[in-house]
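Note that the chains take the letters A, B, C and D in the order they are written out, and that residue 1 is the start of every chain.
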Amino acid sequence: MLSNEDLIEMYEKMVLLRQAEEKLVEQSSKGKVWTLLAGVGQEAIPVGTVKALGPEDYWEISHRGTSDAAARDGVDLKRLFAEVHGRATGYSKGKGGNMHVEAFEAKVLPMLSIVGESIPVSAGVALAQKMKNTGGATICFFGDGASNQGVFHEGLNLATIWRLPVVYLVQNNQYAVSTPASYAVSVKNISERAKGYGIPGVTIDGNDVLAVYEAVSEALKRAKEGEGPTLIEAITYRWYGHHAGAGADEQMGWIYRPEEEVEEWKKKDPVANFEKKLMAQGILTEEKKTQIWDKVNKQVEEAVEFAESSPFPDPSEAFTDVYTDLVLP
Amino acid sequence: MLSNEDLIEMYEKMVLLRQAEEKLVEQSSKGKVWTLLAGVGQEAIPVGTVKALGPEDYWEISHRGTSDAAARDGVDLKRLFAEVHGRATGYSKGKGGNMHVEAFEAKVLPMLSIVGESIPVSAGVALAQKMKNTGGATICFFGDGASNQGVFHEGLNLATIWRLPVVYLVQNNQYAVSTPASYAVSVKNISERAKGYGIPGVTIDGNDVLAVYEAVSEALKRAKEGEGPTLIEAITYRWYGHHAGAGADEQMGWIYRPEEEVEEWKKKDPVANFEKKLMAQGILTEEKKTQIWDKVNKQVEEAVEFAESSPFPDPSEAFTDVYTDLVLP
Amino acid sequence: MSQKMFVQAINEALREELRRDPNVFMMGENLELGMFGAEAGLYEEFGFERIRYTPISEAGFTGLATGASLLGMRPVVEYGAASFMYVAADQMISVAGRLRYATGGDVCVPVTYLAMSMGGGGAGPQHSDNICSLFVHYPGFKVVYPSTPYDAKGLLKSAIRDDNPVVFAYDIRSAMVKGEVPDEEYLVPIGKGDIKREGKDVTVVAAGSTNTMALEAADELAKEGISVEVVDPRTIKPLDKELILSSLEKTGRLVVCLDDYRDSSFASDVAAIAADEGFKFLKAPVKRVARAQVPPPYTTVLEREVMPDKDKIARAIREVLQ
Amino acid sequence: MSQKMFVQAINEALREELRRDPNVFMMGENLELGMFGAEAGLYEEFGFERIRYTPISEAGFTGLATGASLLGMRPVVEYGAASFMYVAADQMISVAGRLRYATGGDVCVPVTYLAMSMGGGGAGPQHSDNICSLFVHYPGFKVVYPSTPYDAKGLLKSAIRDDNPVVFAYDIRSAMVKGEVPDEEYLVPIGKGDIKREGKDVTVVAAGSTNTMALEAADELAKEGISVEVVDPRTIKPLDKELILSSLEKTGRLVVCLDDYRDSSFASDVAAIAADEGFKFLKAPVKRVARAQVPPPYTTVLEREVMPDKDKIARAIREVLQ
């Protein structure tokens, strides 16, 4: 059972992701960060997930939601922001950038930017957990579009026959760039694809942080008990276009979602709705709320300041980290 | 409804595939043909299929069953044999060999030898049929092992969302080399994978030529009516190892099937059982049978003679047919 | 004649060929958006039947293209970024490039692949690749790699009409390049290079965006009295070797430029040809200016270290003149 | 010391490393069969947990290997034939080779890939490829490519212990080669070439099975009084350039041999290095002997036309000596 403190913490994290992501969109608009794949509107999924994770669990984030990693304890928003600003102080020294956000030390696995790649990779992490008997499981996020990649199939089949401790969570935000899932995915619910592997598939409201928490908790339990993967489909929506900030969809003239649809979904704002709920239940007060938002905004400001005032890497860094032990000219 | 003539014709074709394939195994043992992926024991599938095909339909054969193509009218066993003997008179001038058997002019598409590749390729042929309004559909054969390749997933999804006139038939002979499908495929019946695409999936007795004929007829009808693909799983068994002839499994010391299992399946001999049935029904007589076997054996002998007496291609042929219009040094 | 951007030239070529031949059609993701200009307006004109936007299934639709081409269709397959082709590598390398040969010439595979390299734009380690050398290495493909709008249009039209699989490689750094494009129909033949600037001291062979950089470097060096001949192969497979060798005969010195990883690349091939057939002309070491063997970093200060540019080309030219 | 076959040497290396380090494990199809000798007996000794036979899902298990390696496992991935790696190309090129860089050094990917080329054995258009040049081209990999049982064992053990992705390329034509293998443990360092035969008239750089062919050609030419130095790079990435250049300094002539498609290959790289850093030593054109740009045909009379062999190497040596 989640305590009130837990719920407040989750709320705070949702606010953090919202504000951090909005800030990155702004930074991108200013040309300080490359084109952004913003996760605004999808915050309930990372936050519900993180709450369900144990310290030994790994989390493979998707390309959608650059700040997602920051929901996890131990992840430093400053270094995350520094990375997407291309600075030497970033998690990856500016080499990976916004398509490879990671905090490996905090068990946030490197984002992969070719759609679907992470599906077998995260099964491999789970395999290592199993072989090394470390306990723990791995959860892998990806989009509706990724469910049409070949490695989705290969990864799920392998994870199933080897009963790997891995959970697959598809953030079905209903579009892959402009392509509607209703067109591109041959079944109505992506969770139906679980039937092709003989594993449980569930569809949940991805904008309900508690529903996410519960589904992920159950799937992780199953995974850790050696029963193999679960496919969770979390229905959600991204408020921005595929790209936000510099090179945003609107800027490019890419129009593919009815305005009313966007408006409809903004009403399903996972942050505001959770806030309303907590308020109604008396768990959150106006005062606490103000406190949280102030704290978060300060945190985000500090992260930007840190990032912007950090040095760029030395040019010689271009050639290091290709190998562990040598630098080729 | 199939007439008695049809049934006799089907019987004859099954005998032809059996005898042709056994002959190629023999030729391979003699080192005259490369290692063979013999289809002995699976003859009901190609023969039942061919009966269901219309003249405008394309057929993509799998690597299993080198002689399969010969079941189709218009395919010349002589040229087929010449090809696997590497001769200039072969369908592909000896360049493709036993992994690329084809008779394109008779709408038998080139065998592809990397597992799974043919699945999207045949969807593409179906796409062309649809776009060109030629009528007809395409049927694609592959093995149980291929159902674990990524392109299985991508091909089936694309074929479904575009309602392509294609039929997928998996020859589930229960092993991919030594790997049991019961281990490698995460569902009991491969036909269950159809659920991941929202298309019909059926499992049939692949050793029953009439069951194959019916299932394929129905699936082709559905395809031609614009309703998209069907996944047919035909349960069968290969009598030889993965390889037969030169480099046969036994020779390599590869042991993975209980002897009793092989014996059990040999009792389910699709040729003998169909023969028994036709005999019992009085459709086939001893005399007719002898006639057929004599005819077939002669045909096979002639094909071998043709192949062996045909010239190898001129060495300069090595460099042609890479491009339509130029020969690079 | 009018001034057009490189992407506009691509767009015109696609439109004209789609109009000309009903067998031409396109597959790729988000094509209906006309994403970066190359496909602008095509969906509106030709509709879904011929501008088929796809799921994110590159191996799948690449295979479909092959299959459709066997029956006489002429698919043009678009990948967004060339880096997305790796998931379709087998369908290209092993199927499309070899089906004709494997059937002894019974079939042909008239597919065109649009492969844009995003290198040099901060796209980072996984989005920046140029696949031109990959398809020079593997048999069965023609590879065109234009540097100007004129060549882009003329070569793309030739590619679509070609009966073989043709990779149309181009650089995002060329996408906004402007140049003259005739109003009337024309083709640029596959397999013919072009001297983009005549010179006598040194030959620079440079394809794609590096050709533009080489021209800039040549301008700069001209001020120092160095006369640079800039050769644009335009097609890198089959290669117009004669053009390169005859330029080399004149200058005796060679720099090869390519915006692809240097090792086992087309740049190495040109150097190897010079070391063999061109040996008798060579007066100085042959230099390659290409990408370092490093995954392209995200941050600009690092990315520019590993990518070819005008200055690196100028430096190499000076070196071979020493 | 005892005489062993190349595949036996591989087998010993695998067994020893599996025994030594519990993090080492294998994935690949039909591994439990010990198919062609390289894995013989391993399943019996180490069981399924460490000799994991897989479905036909190369992209899948290649990705699993990467993932497992991030947590300190040391997977050895086996592909049967190198041609089956194309379906896993993205997982190798784009993930395994780049994850360390993309994380600024936070992770490493200690995976070994066993990639046997089936070229030269009639395996036909789709089963015969050698992927060595592919992974020389793409950043992030080391590529070893031994020609003798001794080197095979020593390099494979080094590969498995290396913290980077290492492609272990070998030729089916080397599989039955016999040679001395010490009974005691040893390693061959990655990145160090070896002079397999000393000579003074011409340098032949030849990796894998072409090295064996080059030695045969050298024997033959010795009878005509031609002294051939045969250099075996053993590792083709990173390359022991110094060894090649110092040999070239001595002989002034170079032939490069490789059983891979010639264009955009490692053979071109060596020629390019000779044309640059080795230019001052060169007395004659540099020749490449490699596969023709043709899908390998099935029938022997054609296959031998397109593959490198002893006679083609001897011919090239004679040419550079003219």
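Simple rule for what comes next: a residue touches a chain if its C-beta (ideal position, glycine included) is under 8 Å from a C-beta of that chain, and two chains touch if they have at least 3 such contacts.
These figures come from a predicted structure and were not determined experimentally.
Where touching is counted per the definition, the chains common to subunit B and subunit C are A, D. The chain with its C-alpha centre at the largest distance from the centre of subunit C is B.
The mean-CA centres of subunit B and subunit D are about 36 angstrom from one another, to the nearest whole unit. Work out the mean CA point of subunit A and of subunit D, and you get 40 Å between them.
Chain centres here are Cα means. That of subunit A falls 46 Å from that of subunit B. Averaged C-alpha coordinates give centres for subunit C and subunit D that are 30 Å from one another. Multi-chain contact residues, meaning those touching two or more other chains, occur in subunit B at positions 94-96, 100, 112, 114, 148-151, 154, 157, 161, 184-185, 322, 328. Annotation for subunit C: residues touching 2 or more other chains are 54-55, 57, 59-60, 83, 86-87, 90, 94, 101-102, 124-126, 139-140, 292-295, 297. If each chain is drawn as a node and touching chains are joined, the picture has every node linked to every other.
Residues of subunit B that touch subunit C in their complex: 90-96, 100, 102, 104-105, 109-110, 112, 114, 117, 119-129, 131-132, 134, 138, 150-151, 154-155, 157-158, 161-162, 320-326, 328. Those residues of subunit D that touch subunit C in the shared complex are 59, 83, 86-87, 89-90, 93-94, 97-98, 101-102, 124-126, 133-134, 136-140, 237, 261, 263-269, 271-272, 274-277, 279-280, 282, 284-288, 293-295, 297. Within the complex formed with subunit A, the residues of subunit C that make contact are 29-30, 32-33, 35-36, 53-57, 59-60, 83-84, 86-87, 122-127, 292-295, 297-303, 305-306. Within the complex formed with subunit C, the subunit A residues making contact are 34, 86-87, 94-100, 112-116, 145-146, 148-151, 176-179, 184-185, 252, 254, 256, 312-313, 315, 317-319, 322, 328-329. Subunit D contributes residues 23, 25, 49, 52, 54-55, 57, 59-73, 90-91, 94-95, 99-108, 139-140, 142, 162-164, 191, 238 to its touches with subunit A in the complex.
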